[in-house]
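Going in written order, the chains are labelled A, B, C and D, and every chain counts its residues from 1.
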Amino acid sequence: MSDLKHTDIEDGTEQITTDPTDAREKMRAGSMTYTLMPWIVGAVLLVIMPFIFTSNSALTIMNQMWITVVFALSYNMLLGQGGMLSFGHAVYAGVGGFAAMHIMNASDFFASFPLPVLPLFAGLFGMGLALIVGSFSTRNAGTVFAMISLGVGELIAACSVIIVAFFGGEEGISGDRTYAMPFFGNEFLQQIDVYYLTSFWVLLSAVLMYLWSRTPVGRMANAVRDNPERAEFLGYSARWVRFYSFVASGFFAGIAGGLFAINYEILTEENLNTASSGVILLVTFLGGVGFFFGPIIGAVVFTLVQTVLSLQTELWAFYAGVLFLATVMFFPGGLAGLIMMHVPAFKTGRAGTLVMPYIKTLLPAAVGVLAVSALVEMTFHVRHAATGDYDMTLFWTTFNSHSLLPWIIAIAVAVLAFWITRRNMPELRAAWATANTAREGTV
Amino acid sequence: MNAMTSTDAPALDISGLRKSFGKAEIIRGIDLSIGKGERHAVIGPNGAGKSTLFNLITARFAPTSGTVKLHGKDLAGLQPFQINRMGLSRSFQITNIFPAMSVFENVRCALLWSHGYKYSFWNMVGRSRDLTEGADRILEQINLTSRRDLPAGVLSYAEQRALEIGITIAGGADVIMLDEPTAGMSHSETDYIMDLIRTVTVGKTLIMVEHDMGVVFGLADRISVLVYGEIIATGKPEEVRGDARVQEAYLGAALEAEH
Amino acid sequence: MELILVNVIDGLVTGLLLFMLSAGLTLIFSMMGVLNFAHASFYMLGAYFAYQISLALGFWMGLLLAPLIVGVLGAGVERYGLRRVHQYGHVPELIFTFGLALLIEELVQFIWGKNQMPYDIPDILNFTAFSIAGNSIPAYKIFMIFISVAIFIGLLYILTRTRVGMIIQAALSYPRTVEALGHNVPLIFMGVFGVGTALAGVAGVIAGPVLGTFPGMAFVLGSIVFVTIVIGGLGSLWGALVASLLIGWLTTFAKSYNIEMSNILNGIGIVTPSNLEDNIFRDLWTVTSPQIADILPYILMVLILIFRPAGLFGKRHT
Amino acid sequence: MKKITKLGAVSALSMIVGASAAFAENIKIAFIDPLSGPFASTGTNGLHQFEFAADYMVNDDGGVLDGQKFEIIGYDNKISPKESLIQLQVAIDQGVRYIVQGNSSGVANALTEAIDKHNKRNPDSRVLFLNYAAVDPALTNEKCNFWHFRFDANADIKMDALTDVIAQQDDIKKVYIIGQDYSFGKAVSAAANKFLGEKRDDIEIVGDELHPIGKVKDFTPYARKIVASGADAVITGNWGADMLGLGKSVIENGFDGPIYTYYAAGSGITAAFGESGKDRIRLISQGGINPIASEEARAAYEAFEKKYPDGNIDQSRIFNVIGMLEKAIEQAGTADDVVAVAKELEGMEYETMWGGKLYMRPQDHQLIQDMHVGVHTDENIDFDYDQSGFGVLTESTVEMASMDSPTTCEMKRPE
């Protein structure tokens, strides 16, 4: 990690307008804080999370989150950094995971090394598959690449039910992680042990993927993404640059698959299918493809939506879809882009002026959104609940969905909330402008 | 810089080069030899095939027949990146940079290969003082130091052209090809760019395409005039200017354009 | 021999149905340069709308009205969704349509529930047109063939013989020039998008009764439509037709004949291993053509993309 | 869906606050099945039946033991093994000791393994897995464990009963077997081959094939092959859209024999077949619905219909799950010690209102019960499916089907 201290400042803030004078000063000061800080904070968070959320289900959900983080980051090596849109990324994680599962079941071999090493093997298998597929798919970017990835993804997913010897058919392959060589006496019986194993790998993988983006081939991946022809006239073969990114991405996807294998001790067709490939695309894009940390946010938010929101409502996928479409339409930079929009304001020290306007607009907007979702839930209840089952519970209140009053309340709240939002909008806009003008002055 | 087969071979040697698109023959048999360290300009009216010639030399298009030799080595069948590694670097008529990356990054990417980094994934580019200093030096040469950390896409047109020249020379290639570097520029901008080209190509072989003879007059050692896919004259600037056929071609084209 | 004829007819029906979807998709692609992932969702909407209308007004009004509604919806999506996302580039556009496909599926479930709808062939077409060696060819299939062929001819006529068609074709290739000539190009784009989705709607209306009207119907067909236009060559109407028929026949024949992998492998001189049960390739040996019929198009697509990235009829791009 | 909503809030809180203590007053039963996505209708209908059965059979009569109530909690597994395991963990954290699941043998496989491991690693929070519908024979054979109980007949038992019926039909000489290409489809095919060979070696199997699951858009080519083969009967284990697509296509393209199925009823399929499937579709199932097995069952069904007019009791075994669990808890005198409850379930005999006797075979935890082969019709139907007027009328019954069938299960019991 000490490698990071020499990293230039502009590396940490790709694709956004930074204040050059400010940035260079920091670089000259050799400031470690800027680049090392997020990793330290991340590591500390990973360590203390289980002390805040102690239940096994919270650990399970967090494990799922971290696995998705690794997977999404590996996906972003393709989409965000390399400009390759893949519709079949799940197969690399899946094949890595299946390989890990087979290693788990090869009892003699599995007993010869400790469990934390297993994801490495999974990564190598993911990488192996990426080597083969990449050899012909990375020749072109764009539509050709996307369609080959779709085709290969469908093929391998279809193979999962045909080639039973490796993929185990529909019920998949299962094993027992505790048969590995004990790791300092730990057999990984409990969720908490698995949590720390997963956390170690997620941190390691994230650091490695970050460092990858700082290497020559990682930088050239960006160049090839933006302008493959120009990159070729700089001495780099666009195809080989894409190929290396693809293979590296396959490696980290495989690690995610290996972590999945350790966590769930079962791999099924679900780990390979196009739906999983689609989900990781959504996760990554939701988080933001333009920034390294974007997919991390996407993975955390999406896992919460999928596991926690789906406990609240059957309509979770509907809300997830709306959230996703809204992101694509209004914040193509994703959630990370939304956050980074505020960096200039923080740099000028004027971020404080935004707080009040935000409260005045976002709070009513949130209330409005909740009111609208209440309307959606009520409509759904009226349409699909059992006859006579008029009672529904929403926001800790139980009421009769067939009476008029709750509808009037919900509509009134929604209208009022959006009206307030609208009324306070100009104020936010003005505050936004002031908070950001100072920056332009210094450029 | 490397891969030279013989020391006395010309930097670029073109013989019998032809190119057809369907039935239309755009390049109709070109022979041209450009010596080391020469500053050579290819001029000609619009549609003469200048850019096509450029694209043939740099393997963007495959020739119908004929050969192009760089330092005596045949370029047939080579990929652009291979030609670049042999010491030829080019710019484009339409600005061709990495708009989403910072100005500094643009230049640094151009330095990577020549600094021997290749496809390495065990080096951190940020740690290399060579790269950082090298890139900053080039930024100074092209007067873009103050724009160092801006995304290249937000630069003005002239600045982007300057950046493109910076990218083109950064790799240390000894043969530099510039495709209409002053296209679409005002007078003062043109002067600025020409000065820039003059300073950054010292000691290198320069081949540039222009349609305006006046622009290259003070810069080029020799000028070739390309009309309808053929070179009708090659020589020192003053010789070319006095050439009757050149006069005719330019005047003729000017007249045609008026109709 | 008779069975071959029957299979040819069945494959034709499948192929033409696919064509109605891929025709719209390929038009939209050549116009906006974007693969519309939600295309099959409009096909699904067509079936659901037609079902709902047929409850009140009968099948024929459904056939008439549902595609219109779908087309208007499609145009609305272009106007208020895609056009906005267009400024961010192609990838966000594609991802937008991807998300839209998910959302439409959720919406359909929200409104109609998750069960299959009892949307049926109209009684007037519910008879056997003729039989070939005991295999009945339902009249509805003949009807499907007629509708698709009529639409193809109509489309071809409009695109090549009418002024509107000329403008559209020009706008596809040279939007700026056409705009300079005083035509409202965004309107043309919106119109083409609407027509493309309406075509998908027609396909949904006529396919719903035979292939089932259920929330998963878009997903089942979704990616195969892409495969079709990629094989045919992006943006080529003829390519879409040829690829659709090719896929229709390929899958139909692969399903109709039990060709076993072991036969093929034996045929090229590889001997079946004696202890097949323990062989790690055992699953490969026992694969039959019906098992892999529906993934054959994907194999074909990958091969075509490797060896001829522009597709069968596509223009070679630089 | 109110229970989901309520518990959702609780679980979200528990995520924030940490582990919540298990409450003693209710006996929580986690229903882990798809409640969203393409299979949600089956899952939701199952949840309704569980909720109804718990209220109707237990809670309305004052509960079990000293008045403890059954509480059914729905967990949406989106038919994904991964999600199922997450929801299992959430359920266990919320103090659930009984897991019910049925849709997809893949999920059941994942759950039974996970529960086995969980119980081994966490003796303090052991749970039982009451499988009400996943029929992969492996679950009570090589993959059996002490914690898993199956209340549905497995695929082999169903085929055994089905072939008993087919064997009696002398006019069936040629049979075509077709199924989805995965473990269950293969199990159906293997069982059909085995039992037909044993019972009627004069029956020729003219076709035996698998098609990709959930991917076939148009079944016409398969229907053509079936017609061309000259088959007198078709056997299929297909479910969902694959069942409907295959059935409709086979009928449409000129096949006129019986189609023996596992899953061609309810969830909209009965309605979609309607008139076209009349006297053609046959179904192997448990539980006497038409004619109704008892007045008690009629009362229960009518009460259910009153509550869910568009719902079906298409899985009457759900009532058996609740009834037998109640009996086991009463006999064990505890609901918290799942080992004691499991030991009571083993070997239990139970009279069901849906007709006949039930016997939980102790060596593999497979419930032995009467199996019925019924026909899709609109005549003499007491209770139709999907409000379509059509239902399944029992034609023949096999009592205590496969009572002595062999099992490879080697049950390991906790001390």
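Going forward, a residue touches a chain if its C-beta (ideal position, glycine included) is under 8 Å from a C-beta of that chain, and two chains touch if they have at least 3 such contacts.
Not measured: the values here are computed from a predicted model.
**Student:** Fewest touch steps from chain A to chain D?
**Tutor:** 1
**Student:** Select the chain at the greatest separation from chain A, using centres from the mean of Cα atoms.
**Tutor:** Of all the other chains, the one whose centre lies farthest from chain A is B.
**Student:** Compute the distance, rounded to whole Å, between the mean C-alpha positions of chain A and chain B.
**Tutor:** For chain A versus chain B, the centre distance works out to 43 Å.
**Student:** Just the number, please: Cα centre separation of chain B and chain C in whole Å.
**Tutor:** Chain centroid spacing, chain B to chain C, equals 48 Å.
**Student:** In whole angstrom, what separates the CA-based centres of chain B and chain D?
**Tutor:** Comparing mean C-alpha positions, chain D is 74 Å from chain B.
**Student:** Using mean CA coordinates as chain centres, what's the gap between chain C and chain D in Å?
**Tutor:** Roughly 36 Å separates the two chain centres.
**Student:** Please set out, as single numbers or ranges, the residues of chain D touching at least two other chains.
**Tutor:** 37, 40, 181, 212, 215
**Student:** Counting only residues that touch at least two other chains, what does the list for chain A look like?
**Tutor:** 158, 162, 315, 317
**Student:** Can you pull out the residues of chain B that are in contact with at least two other chains?
**Tutor:** There are none in chain B.
**Student:** Would you identify the shape of the chain contact graph, picking one of line, ring, star, complete or other?
**Tutor:** other
**Student:** Go ahead and list every pair of chains that touch.
**Tutor:** Pairs flagged as touching, ordered by label: A-B, A-C, A-D, C-D.
**Student:** Which of the residues in chain D come into contact with chain C in the complex?
**Tutor:** Within the complex, chain D touches chain C at residues 37-41, 44, 181, 209-212, 214-218, 220-222, 224-225, 227-228, 241, 244-245, 248, 252-254, 267-269, 271-272, 274, 386, 388.
**Student:** Taking the complex as given, what residues does chain C use to touch chain D?
**Tutor:** 3, 6-7, 10, 13-14, 109, 113-118, 120, 128, 131, 133-136, 138, 210-212, 214-216, 220-221, 224, 251-253, 255-256, 258, 288, 290-295
**Student:** In the complex formed with chain A, which residues of chain C make contact?
**Tutor:** 35, 81, 84-85, 88, 91-92, 94-96, 98-100, 102-103, 106-107, 110-111, 113, 223, 226-227, 230, 234, 280-284, 287, 291-292, 294-295, 298-299, 301-302, 305-306, 309
**Student:** Taking the touch rule as given, give the residues of chain B at its contact with chain A in the complex, in rising order.
**Tutor:** 58, 79-81, 84-85, 89-90, 92, 96-102, 104-105, 108-110, 112-114, 117-127, 132, 146-151, 154, 167-168, 171
**Student:** For the complex, give me every residue of chain D touching chain A.
**Tutor:** 1-2, 4-9, 11-12, 14-16, 18-20, 35-37, 40, 48, 75-76, 78, 80-83, 85-86, 89-90, 92-94, 105-106, 109-110, 113-114, 117, 121-122, 136, 138, 181-184, 186, 212-213, 215, 306-309, 311
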